[in-house]
Amino acid sequence: MPRIGVMTTGGDCAGLNAAIRAVVATCTGQGAEVLGILKGTEGLMADPPGFVVLDAGIVDGPLLRQGGTTLGSVNRGNPLRHPMPDGSTIDFSAKVKAGYQALRLDNLVAIGGDGSMRIMAELARRTGIRFIGVPKTIDNDLAATDSTIGFATAVEVAVEALDRLQPTAASHSRIMVLEVMGRDSGHIALSAGIAGGADVILIPEIPWRVAAAAAAIARLAARGRNYALVVVAEAVRDPEGAQAVVGPSRPGAMPRLGGIGGRVAAILERATGAEARVTVLGHVQRGGQPGATDRVLAAGLGVRAAELALAGVSGRMVAVQGGVLGDVAIDEAVAAQRPVDPAGQLVATARALGISMGDA
Amino acid sequence: MPRIGVMTTGGDCAGLNAAIRAVVATCTGQGAEVLGILKGTEGLMADPPGFVVLDAGIVDGPLLRQGGTTLGSVNRGNPLRHPMPDGSTIDFSAKVKAGYQALRLDNLVAIGGDGSMRIMAELARRTGIRFIGVPKTIDNDLAATDSTIGFATAVEVAVEALDRLQPTAASHSRIMVLEVMGRDSGHIALSAGIAGGADVILIPEIPWRVAAAAAAIARLAARGRNYALVVVAEAVRDPEGAQAVVGPSRPGAMPRLGGIGGRVAAILERATGAEARVTVLGHVQRGGQPGATDRVLAAGLGVRAAELALAGVSGRMVAVQGGVLGDVAIDEAVAAQRPVDPAGQLVATARALGISMGDA
Amino acid sequence: MPRIGVMTTGGDCAGLNAAIRAVVATCTGQGAEVLGILKGTEGLMADPPGFVVLDAGIVDGPLLRQGGTTLGSVNRGNPLRHPMPDGSTIDFSAKVKAGYQALRLDNLVAIGGDGSMRIMAELARRTGIRFIGVPKTIDNDLAATDSTIGFATAVEVAVEALDRLQPTAASHSRIMVLEVMGRDSGHIALSAGIAGGADVILIPEIPWRVAAAAAAIARLAARGRNYALVVVAEAVRDPEGAQAVVGPSRPGAMPRLGGIGGRVAAILERATGAEARVTVLGHVQRGGQPGATDRVLAAGLGVRAAELALAGVSGRMVAVQGGVLGDVAIDEAVAAQRPVDPAGQLVATARALGISMGDA
Amino acid sequence: MPRIGVMTTGGDCAGLNAAIRAVVATCTGQGAEVLGILKGTEGLMADPPGFVVLDAGIVDGPLLRQGGTTLGSVNRGNPLRHPMPDGSTIDFSAKVKAGYQALRLDNLVAIGGDGSMRIMAELARRTGIRFIGVPKTIDNDLAATDSTIGFATAVEVAVEALDRLQPTAASHSRIMVLEVMGRDSGHIALSAGIAGGADVILIPEIPWRVAAAAAAIARLAARGRNYALVVVAEAVRDPEGAQAVVGPSRPGAMPRLGGIGGRVAAILERATGAEARVTVLGHVQRGGQPGATDRVLAAGLGVRAAELALAGVSGRMVAVQGGVLGDVAIDEAVAAQRPVDPAGQLVATARALGISMGDA
């Protein structure tokens, strides 16, 4: 009876539990055992290893519908460069291997983002452990797969916020700025902005100018609109000349709050004369119930990963390409991030809808 | 200044208003006029034609978020075979052409299902009017496009129902049967069942047997599960031997209610000895706020349709193929419906998860 | 250290887990033990009794947000008149007492409806066991308390359905009939109808006439409205003359489906000439995530019940009266059900809004 | 035929449109005309006055379900002390009266918060215009009524955020801080915290100490909990000694963002050693679809206000007291705000649940 491990690594998102469940159901359906590794590689490195036995009954029922990950996760633990108290780092890959062997795993399904995939690939090279990757990140920035688990739900949460901000914006003739997550990319901002009726979408892939954004809002006013919805990705930077408008940003001071959303609101207030308000959704985008899209995706990817793991395959990541489930070599999977393509179909759709991308 | 018409035909679904808005925004952004035709081809056939002028302001704001269609629709009106009081039919395509000409339309964006596409193609052939099709149907059964507007939201609504049925099923040790829409296909049932944690999914593409479904429920009981979730597509038929279990169906009697969901509940009660309850979601699956997925899809398809219409193209349907927006000849678009593939990835995913498709 | 039992009895609803959690948190916060009795009185009657130890950790986290009851429930088990195979009944109150004593309970918090309260009161009289009642029922029909756990969420679910039915009704010029639960009363129908924009609300407390309901829909049409929303409580009966319109109801045939909703749809179709569709929400109204109102109510009632139980009080039900948490003697609590008052403020509000109650 | 005006003033919230609809339906049902005044008193002061004619058709359909106010509102305009460019203020009550007379209003239903009620009372005294007040505010801080329109929905939105934050907090062993609105009071924070499973609730009515809040989180850790949910009302102030922990607050710098939520997160990070994250919901709490509770409340209050207005009554505010709809003299209505009672039932419930109020 083969024994498969499953773990979640990196930032959590909606759909992780649905993926865990798919792995467990597939494995147990084929007579294999499944061990859930607690807190990602930390669970493997611990002595004794941190794990739980997962069977179909345990992952049944409400788990599918819950956000987060029942196995826990850590955001920083790179066992290849584990931080030591003196500031140096140490390679703990031997500890990971020891845990893998102590649990007598035949393969390991690692659900994570691109950082985790890179670490797993390197761990596998150094230690010979087997793994199959499952891509998850709300940021949707992996080049090797059309979609990652968590993205669709994060977009839904941001759209819901825009749905709530639109009537209050209209009631009070305001500019409403919504700052969304997305790490270095603007995927969440772009999709949520299109779906949520944004008038301006600012993403890091397209530099913005104060004058262009203000002009877009002025055009709305010219045709009788008394409000504007602005979506800002967290990685957007100050445009040229912003300091002249609102002064320098203060990077040391509460960076999570005095973020780009607040600066954009302040800049647009000065540039347009309208009142602006800002909402910072933060981790609300990560933790909720997964939507149907993420659950179907997590099921498909989880099942396929489990099947590969049971077949003894290693070093590959499951993926969706052109709408078809498949898998790619892990090195290909992590070769490139996927920013928003400024010349792509989605940006073109936004522009055709009259949405300003801040550059015109 | 070109003048483009836009109309919705056939059964409504979530995302129609988002598509209308995309057409209007694209056209007005390029200096074109847009007329909204009321109640599909009925609006064109009326004398004077039924229409409203649509500009960016009118389609702004809450419309994007609303279910249904602000232009109205009719489900039955085939102007090629208009029913007459004496039971005969008459070809009203000349009236459609007259309306099209009276409004001086340069092109017409027709948002509809495959039936509507067929009618539009024939109308164009007979009358020479131009049109571009936009695929919408909650049933997702068009072969020429990966996705149709309305499907994703219908699935979300059905999943939400399963999320609510699971705890009450577990609290009372019951079989909960959910009957969902889908016309002749099982797409909604399959996706919703996977996402919503169904134990049994019955779709018309896979004939079911009472013994197989009952055995699946018995297997759940054997591993300690005290409840079961069953999703049934509306087009599912009685299995062989059902009459012996619950008597003949009464097709004449309130067909909407005494539907397959109730029969499946009755059959499974008899076959398993467990209590069963049934929910028939009905039109709740059509009319709600569109989810983000449907809104992004409607935006992309609507923009592209408007661009084709403005370019003078006719006889094509916009589509998504392999995740890419494009368009197909209308004859290709309506050549085949797309049932669920019993050997496809999604059914395989369901089976790997341990879901019974009623045949094993 | 006192030991308190907690159990749920009767039909489940949203907020039961929130009430259980409140009982556990309150008891453990005061150093008491809590045993969760499984499946209501069945758990007490079993030998050995069915129970789980509940501590703050167990009831933490997601439980609060989940529908149903983690302790299970049974809908029919009256231990005072337990059904025997030969059709007779037997008094099992001694078994209940034996279980109560075997678990060495000092008191028992029974979360249930009025039927359960009556049984508990009788059990207490016959056996001397202590209990405190907590009122829950989606039907909100207990005279002794303003609100019962589960009602607010059931109304929200029904309103959400109306929100989804309105646009599809308007798109297709239809009458949409929504059949909601409520046992013998029309509380859910009345509140949901007012909140959801119903045009006609039919409740068992106000007999309806076909002509009056049809006239109400005709008045809508006269002012340009092309659709109507009708809410029907499950206990509504055929109006006089209905048989002449749609034939006799067939009580034996799939009573759950061929219910009043379908009959009202058929009657109104015949009487108005408009198309009608029906949705039967069924158990979707019971099982979902509790809304904030039900969670706050469950917290307040659960805390107070636990405090009374810890104080050794018995034979009382916690209640909300005039917005204030308190408690009432159990005999007072079950003395009367509370139907909708046809002369009350809520019916008057509905009428002022122009809603037809089917009688005018 | 009497003519009634209706307007919304002050900050918007969910349920305003439902209240407007109730006023219109009641008035038109009794043969009266209704004028909707645009942007509150600004619409009356404009020359010509800003208004729209409202009839049953206009307020029908989706309006009931929409957030915000279709009539617009302004947050600052006190016509008794209208700000002039030179910094002085001027009494524009004569302009209000002129508008009221120009529109030939017989009475005016003013939907607003306590500030608006005070202004209306003074305006009525000075000018003799008639008005009936309808209480709305998400803050729920009016002494004369149990509930105000908008509060229940704001609580639901905050609870939904907590539902999403809990799993991500648990997945990453974090403290999640949610800053909610509420102006000077903690009503939203208290109800949302109880319903959303908060571990610590900080409200302005109960001064908090760093040591007490940190100890509460330490107690959770001691029983195995790896995360904490903290709800903070916006009016909460720094506790004693906070500066020593995180430095002085910078009141001038982006006050909306560098708010108390961020400070509490920073303080608790330092005091507990755990990671903390903050979410600032902002106007998301105001603008969404009203929940059923707010819609039923808006219907009841709107109907009663319209009936009083039609009866020629003036200077009273409709209210709910002990669950009963009624009305109070406006001076009584605005005599006192209603802070959270630190000795009241809801705080006691929170404490019994083991929630720390920051003082123990």
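So that you can tell them apart, the chains are marked A, B, C and D in the order they are listed, and the count of residues begins at 1 in each.
Criterion: contacts are C-beta pairs under 8 Å (C-beta built on N, C-alpha and C of every residue); 3 or more make two chains touch, one makes a residue touch a chain.
Because the structure is predicted, anything quoted here is derived from the model rather than measured.
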item: Pair sharing more residue contacts (C-beta pairs) when A-D is set against B-D; value: A-D
item: Same or different residue numbers at the chain B/chain C copy interface, by half rule; value: same
item: Centroid comparison with chain B (C-alpha atoms), farthest chain; value: D
item: Rounded Å distance, chain A centre to chain D centre (Cα mean); value: 34
item: Interchain centroid distance [CA atoms averaged], chain B/chain D, Å; value: 40
item: Residues of chain C engaged with two or more neighbouring chains; value: 62, 66, 163, 166-167, 170, 289
item: Residues on chain D engaged by chain B in the complex (per definition of touch); value: 62, 66
item: Residue ranges of chain C touching chain B (in the complex, touch as defined); value: 8, 11-12, 16, 66-69, 72-75, 157, 161, 163-173, 176, 226, 250, 253-254, 256-259, 261-263, 265-266, 277-289
item: In the complex, chain D residues that touch chain C; value: 21-22, 25-26, 29, 56-57, 60-62, 64-65, 146, 152, 155-156, 159, 163, 166-167, 170, 191-192, 194-197, 223-225, 289, 291-293, 295-296, 299-300, 303, 306-307, 322-325, 345-346, 348-349, 352-354
